[in-house]
Every structure is written in structure tokens, then in C-alpha cells.
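Quick one: structure below, then a few questions.
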């Protein structure tokens, strides 16, 4: 059975460095998204992107990594479909462009740019300990973040 | 078993309109690439991109579509992983960026730009009735095009 | 005398809609930047971008507009060098990329993405009633914003 | 008097390495374009881009360089308005996007991609010893190339 373009596509963003707690939460988010049949999109590199891709892959899900550089090999090992862009950090706009909803973990300015682009294009953003930006829906746990993200997709016309 | 980031990634480019003969050849190319375990990358829309994605999907392969617009739904129905870019035709550079080799069918200036970008980045291009550009390796049949493309990947260090 | 590539390049960002007070402040910022010999970069469209370009042009300065679309004519009439990108809002990253410093007026998520990209690349951001983002240096008046922006350029190695 | 957004915008493309003859022709093209009040757009780096920008600047014209990297300082010294993009060679699409017409000197695949993008968007391309691509209008001399480029602008509705 091929991956389904009609499956929910959820982007997960966050810092290149993740604390142990964030790493564990991100892995859980990946596992829950995969279990729900969602395709997981990330920036394809270390930190939150690696943890969520690891969780999703281990649960049998599909992971896509939108990379800043031109070389597929800069993806972490749990990215199954690596998309080099050569756009540098400008690729942040593309990480969230293909998503029906975004889950945001703590990060720095790169994460903030992704949250801004998602909201700019009216894509729901669920924050898990993430930037306090007006319009981000806060979640208390990985479980709740996934539930809210999938719910927001269902509601999208 | 997840799709393998280490599988050969082959981009297939060509016109938005395809003759019956080109359509049949493109479908064959897609089927043969899938049978060889390659991931098929296209621009995700009509013509050659649709035919090759159809062939690959029906043979159980994985297809990726790098779209010009911002909406995943502009992909043809055989694109399994749709990557909206919002870059317009500038996304042509990205269609070939993630590929180990490119198979080029007849097309117009968009296809020419893709061939140019592939050659600019030293990615082998196999032409099947395609632009007479210095550096493109001509193939006589769909079979030969796929064989040459996969061979060029093997040879890449 | 040609415009000087060694002149300070200051990007000014803010919303597509500007209140009368913001419009007046933006025009003043443009006039002061031009008087200081700075090149003014904006997103090239309405609101803050138009007001600051108007002020700079009327004071004899040079204005550059980095446009989202493919058509030069979408620039406001005070943009002297219009750069169409066809990147849509992803061009926000480019608006601040060429700047030595950024002055941010109130705006929405597009402005937030520009502030995020500037800070991501260690470009100083002066805020004039603008987003409360960690790292943005607040200014109380147009005068102070210009002074701080030019000062930050002088300090850059 | 500010540069005029309504002036003809002519992109000049060609290789990073230029023979003495091409260098001289490119400088002449720059000088003639400036004399005609046109704004000259290039990729901003060495070879043809440097020669044409030198000619235009010395004749009092305005030159714009659309750069592949993120640093304004990678522009040659005759680029007056440097626009860093961080897009790598993908920026080739943007070099010709803002132009009413393109003059193409000999080059390699980068130049071919620029010619392809111009023709894709129905922008007239005048070739001066340049790629034999269907749709390129050949010119025999720098003088004729400039004349044909400006004429094609006049004819554009």
C-alpha cells in the first residue's frame, strides 16, 4: 500500500538542540502521528527533527525531511524521503508549507520563522512548550499536541 | 519496511503535454524504476510527470512530486509524497537537486531548465528523445534509459 | 555618483496596513535613512514599505523592493529598484538578507517572519512599536530607530 | 534624479570566465545600455557579469547584481545594488525574472538555465555568440544586441 497523499501531513518543528525531556516528547509525537496514519514533515536534521522522525519511523510511519542544503546525506537517518532544497534557512517556509497542521517544540529563531510562516498561511500551530506567539494553540502533553493537531486537520474544509 | 533514503533517487522530467508514445514510454520508465527499487522524483503535475508516477505507483514504487504552487492538491493522483514549494517554475531547480540521475523526455523550456540545472551540478542526465544539450547521454528506449540512469548512480562515488 | 555598495543597507519591515501614526513614522524613517546615505530595502508593497520608500525617495535616497511576485509593476511607486522573486511570502527571508540592520514596525506574521530571519542570521533588529521578540532592540521614536540602526552597522566588524 | 522603475531593465548573462573578446563586448554592452538609460541586471559575480557592470557603471548607469550567496560582499565592485539571495544557483531564475529582455553571452549550464527561464516566461533573449536554443534571437555585434534588446522592450505591450 503506497503512502497516501490524502493522509494528514503534520510538520513538527523545534530546535537543533533538544533537552532529554523534549527529545522524549518529540519521539512520542512521532510515534503517535505514525500510529494515526499521518505523514511527518520536518527540517530533516538534528534535535527535534531527529527525535520525531525516529519515533515515526520506528512506529512504521512515513517521514519527509525538507533540507537546507543540496545534499540528501545531510538528513538524519530516520528521514525516509529527503528533499534537498539548497535554500539555506529560507527552506523553513517550505517545511510548514506542505503541512495541514504544525506542532512546535521549543526552538530559537528558525523555529519562530516556521511558526510565523504557518500562521501567515492560516495553518494551525499547536505549541508544546513552544514560542508564545498569538495564534499558537498550547498543548500540555505530547498526546494532547497530536490530538489537537489531528483535530485541526479534520476541521479544515 | 520504510522507503530507503539510500535507494537510488531518479528524477524524470519532460513536458506538461505528452504524446501517446511518450506517455507509454514514461509509464514504462516509472514501472522499471520502481521494480529496481528507485524512488521517482518529478515536478508532480501532468504529462510526463503523471505518466511516470502512474507507472511507478502501479509497480509498488515510491513517488515524490516537487510542486510549483503552495497546495498539495495540485499534484497528480500518483504522487505519493507531494512537496509544495510556492516557488513557481523556479522549483525546477529542486526537482533535479535531490536526484542521483535524471531521465529527460521531450519538453519545452521548463524541461531545458531542469536539464541545465542537473548538468550544472554534475548530475548525469539520460535523454529519451530529449533536448540535444551537450552532456546529455542519449538512450534509444525506456529500458535503456532506466539501465543507463541506474548505472550512472552505481558509478557515482 | 553611483549608489555605493558600501553604504549602509537598512531593511524596514512592517504591516501591509499602517495607521496614520505608523505611516508618518515610516516616512520619517525613510527620510532620515536617505539623509544618512543609507540604501533602504523593503518588501516593495503597500503600508509601511510604501511610506518608508516615499520618505526615502523624496529625500533623494535609493530604495530597493524585494517583491513576492514575478511582476515589477507590483512595486509601489517609490521603489526605485524592484526585484521580482516569484517566491511568494518566502521572499521575506530575502528582504532582510541584504541588510546590515533592520527596523521593524508593527505588522503581523509576515513581519514576524522577517524579524525571525534577521535574528537567525545575527542581523540587528530595532523595533519601533514592533513585535516583542527577544533580541529586538526597542526604540521610542523614528529618530532613535534610525540612530540605533546606523550605530549597529558601524559596530559590525 | 532617482533611477526609474519604468526604465528598461535588461539582464545580461554569460559565463564566469570570459575571453578577452567577450569581456570587451560585455563592457560595450554595459556602456550602451547605460547610455540608453537602461538598468542592467546580472548575477553579480565575475566574468561577463563583471565586464558588463563595469561598462555600465563607467557610463553612469545603474547596475543590480542578484547574488547566489548570503553576503553582499560577493558582488563584483561594479555592482551598485547587490541583492543576496542565499539560493545558490537557483537564483539564476531571479536574474532574468526582473528583466524586460535578456542579452546572453557564451556560458555554460548556468547561462543555459537563465536562457531557459527567460524563454519559459516569454522574455525576449538576444544571443551574442550564445547558446543555440530555439527562440533566441542572434545578434552579430554588441551594438546590434543592445539595439535588439531595447527594441524588444518597446514592442512589449
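Per-chain residue numbering starts at 1, and chain names A, B, C and D are given in the order in which the chains are listed.
Operating definition for what follows: a contact is a pair of C-beta atoms (placed from the backbone, for glycine too) under 8 Å apart; a residue touches a chain by one contact, two chains touch by 3 or more.
What you are looking at is a predicted structure, and each value in this text was computed from that prediction instead of being measured.
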For the interfaces B-C and B-D, which has the higher count of C-beta pairs in contact? B-D
Quick check on the interfaces: A-C is repeated by which of B-D, A-D or A-B, going by over half of contact pairs matching? B-D
Distance between chain centroids, defined by C-alpha means - chain B, chain C (Å): 41
Taking each chain's centre as the mean of its CA atoms, chain C sits from chain D at a distance in Å of 27
Chain centre separation (chain B, chain D; CA means) in Å: 31
Within chain B, the set of residues that touch 2 or more other chains is 70, 86, 89-90, 93-94, 121
Residues on chain B engaged by chain D in the complex (per definition of touch): 89-90, 92-94, 108-110, 112-113, 116-117, 119-121, 133, 135
Of all residues in chain C, those that touch chain D in their complex: 2-5, 9, 39, 57, 60, 62-64, 66, 70, 72, 75, 77, 79-86, 93-94, 97-98, 121
Can you list the chain C residues touching chain B in their complex? 70, 86-90
